[in-house]
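Listed after this line are the structures, all set down as structure tokens.
Look for chain A in each of the two complexes below; its partner is chain B in the first and chain C in the second.
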Partner chain A sequence: MFMKAAWLTVSLAFWGLILSLIIGFFCALVRFWRWPVVARLAGIYIELARNTPLMIQLFFLYYGLPRVGLLLEGRTCAIVGLAFLGGGYMAEAFRGGFSAISRSQIEAGLSIGLRRFQLLRYVIFPQAVAVALPAITATAIFLIKETSVFSIVALPDLMYVAKDLLKEGHNNESNLLLVLSYLLIILPVSLFFGRLEKRVRFAGFGD
Partner chain B sequence: MLDSAIEIFTAGRNTARLFEGLAITLKISAAAVGLSILLGIPAGLLMSSKKRFWRVSLKLYLEFIRIMPILVLLFLFYYSLSSVFNINLPAVTVSILVFTLWGTAEMADLVRGAVTSLPRHQWESGRALGLSELQLNLFVIVPQAVRRLLPGVINLTTRMIKTTPFVFFINIPDLVKVAQQIVEVTGIRNPLASVWVYGVIFFIYFAICYPISLFSRFLEKAWQN
Partner chain C sequence: MPDNPQVVLKITDLVKSFDSTKVLKGINLTVGHREVTVIIGPSGCGKSTLLRCLNGLEPIDSGQIELNGQLITAPGTNWSAIRQKIGMVFQNYELFPHLNVIDNILLGPVKVQGRPRQEAIIDAQSWLDRVGLKDRALSFPRQLSGGQKQRVAIVRALCMSPQIMLFDEVTASLDPEMVREVLDVMLNLAKGGLTMLIVTHEMAFARAVADRIIFMDDGHIVETAQPEAFFNNPETERARRFLNIFQFQELERRRA
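Entry: the complex of A and B
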């Protein structure tokens, strides 16, 4: 039972993370390029996502939206909610990376005739990711921890199972399992990103 | 559409109860932030000191707290404290305790970051000028450290406010719990209740956290050099 719940937590966290990385990257990108209207919208989205709790976002998605005709099932809600929240945080993380790229890098890229996509792919992206990695790590771990509220949209995740066991009176066993499960999920992620950070530390160029 | 909203927020004591819930939310966050600052500063100074024992044990503590979801900590302290140690604390106390444990760890790390980021020559030139240790700390180190610290502390405050909905799980009647109760009661007659009530608390959180984070960004910019 705990294995199944842990697997659910992991898979939801995985998809939520991937989506928030994508959303965050593009939001940061349109803001970096200052695209007229889109950048403004991205800014509003980032502020909304960063300044409201995930639980309320989920409540709104799961209980509010069906009333106005948009029915999402629990899993979709959880992933959409996590991606909404995470996108805002990841955008801020990437922004730090983008703003660390000096003007001269972009000018040099343009002057050797790179197209916009090539500039992004070979000059901006590698450097931005290297600089933003510590912030991305922190956000990733924060997002995995946030998955602990998914039981409010009726998903049988780790907290849900733990709550069930609590009702049957297995207080300490279930709490111990809970701590162990989260340690097993988050510690490897934390160690993996820690190693990655060490490897890209020398990727910075020109400073 | 709008009628249903007016109906919900004027019916009974709904609006008043939302404010009572908000008061509990704010009380927990304020108490936890205050205690975290008080405990986090000495902890952070110990972490940046040369005392190996303190450095290592605080680091371990910080890593553990960082890895555990706050909700798990709440469960641990609310359900296991009573059955293992026979300590029965009211839910609000438990939540303040857990948020303080977490906040102290984060605060200590912020203080450590602020103190260790000051260049060594600040101490050295202070001594070279003939300042006493007290003067050195009071006029050179503390003002600079506080500047580096404050944006982070404000950030931590908004993070704490955004984490308080978790107390819903240990049955504290905070803003979220009250909202849910209102939806449950009015939802039968008023199908749009969930949209309105959850929408409103979404913006209540935003209205509290957004100005605070703006302030933090303003300070960061104003104090850049």
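Entry: the complex of A and C
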């Protein structure tokens, strides 16, 4: 039962993270390019996502939306909720990376004839990600921890199962198991990003 | 002095402002094939802005720029295509820090011009060899000195096979002992017949490399002359004062 719960937590976190990264990247990109209306909308979204708690966002998705006829199942709610929250934070992480690219680097790219997309792909993106990676790592870890509120939308994830066990009186074991499970999930992610950081740091800057 | 009738670059009545400040106040200039033109003048006279207008890094207010007879200031200009024909080297090198030397050089030829990688590598290697960096192809920019970086930046621009090269104060950020190695490369390029437009504060170099000196002040071209004539006997009072200040600075430097 615990394994199943752990697997659910991992898969929800995984998809939430992937979507967060995609949303965050595009939000940061339209703001970097200063696309008239879209950049403004992205800005509003980011503030909204970052300044409301995940629990409230999930409540809204799970209990609020059905009232206007949109019924989402628990899993979908969890992933959408996490992506909504994470997108805002990832956008800020990427923004830090984008803003580290100097105007003259872009001009150097332009002056060898790179077109807009090529400039992004070969000059801006690799450098921005390298700079943003520590912030992305921190956000990823924070998001995985946030999954512990998923139980409020009736998902049998780690937290939910642990609470059940607690009610049945398995206090010490389930507490310990819960801590260990999260550690076991997050530690590899942390290490993976740490290694990645060292690699791009070497390629990029690292004097 | 090459007196080649073939015109590479023709600038007519070029005007450029930043907000309400006019930086270029009607520039007329023609650069011939294989000609080396050096632009000098006090800081803020508009010489760097002029270069940046030529490859579209700065939009212009009015006037015309023609590259080999093609008007490049018309609306809808394909700047990517134009910039491939105009090489530019910057004051702070601007190598891409995440790419090694050879990838810095190949980005343009391979990704923009679509040349076969192997062919471009051979080309790049031969240029690296010529600027004395044969064994540096796999180094990253941070492993190079300023002078080496700038030589790579020059090769990066050359490998696009441009019709004209723009040099924007390319030795201004270098330690004195590295200035020479970069200027030597440029002198060799000039001897090889490359068409060049150079903005510099290195007066001795300007004198040595130039076919023609353009003296700019306050957004105008004040004087156009042969280098010997300009440095020995400038026509305008403004140029004379400018050269005096430079001589004074040279003296100061020697005393210090």
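The criterion applied here is as follows: the second predicted complex is superposed on the first by the 202 of 207 C-alpha atoms of A that agree within 3 Å, B and C clash if a C-alpha of one lies under 4 Å from a C-alpha of the other, contacts with A are read in each partner's own complex, and residues count from 1 in each chain.
The rule we apply is simple: a contact is a pair of C-beta atoms (placed from the backbone, for glycine too) under 8 Å apart; a residue touches a chain by one contact, two chains touch by 3 or more.
Predicted model, so just to flag it, every value in this text is computed and none were measured.
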On the A-aligned overlay, A:W7 touches which partner chain: chain B = first, chain C = second, or both, or neither?
neither
Check whether A:F192 is in contact with chain B, with chain C, with both or with neither, and answer first, second, both or neither.
neither
Touching A:W33, do we find chain B (first), chain C (second), both, or neither?
neither
Looking at chain A, which partner touches more of its residues: chain C or chain B?
B
Touch test for A:G64: chain B only (first), chain C only (second), both, or neither?
first
Is A:S111 touching anything from chain B or chain C once the two structures are fitted on A? First, second, both or neither.
second
Touching both chain C and chain B, counted on chain A across the two superposed complexes:
none
As the complex stands, chain B meets chain A at residues 66-72, 75-76, 79-80, 83-84, 158, 162-166, 168-169, 176, 179-180, 183, 191-195, 198-199, 201-202, 205-206, 209-210, 213
List of chain A residues in touch with chain C within their complex
104-105, 107-115, 118, 122-123, 126-127, 130, 200, 203-207
Under the touch definition given earlier, write down the residues of chain A that touch chain B in their complex.
47-48, 50-53, 55-57, 59-60, 63-65, 67-68, 141, 145-149, 152, 159, 162-163, 166, 171-172, 175, 178-179, 182-183, 186-187, 190
Write out the stretch or stretches of chain C touching chain A in their complex.
55-57, 79-81, 83-84, 86-88, 90, 92, 94-98, 107-108, 111-113, 140, 142, 156-157, 160
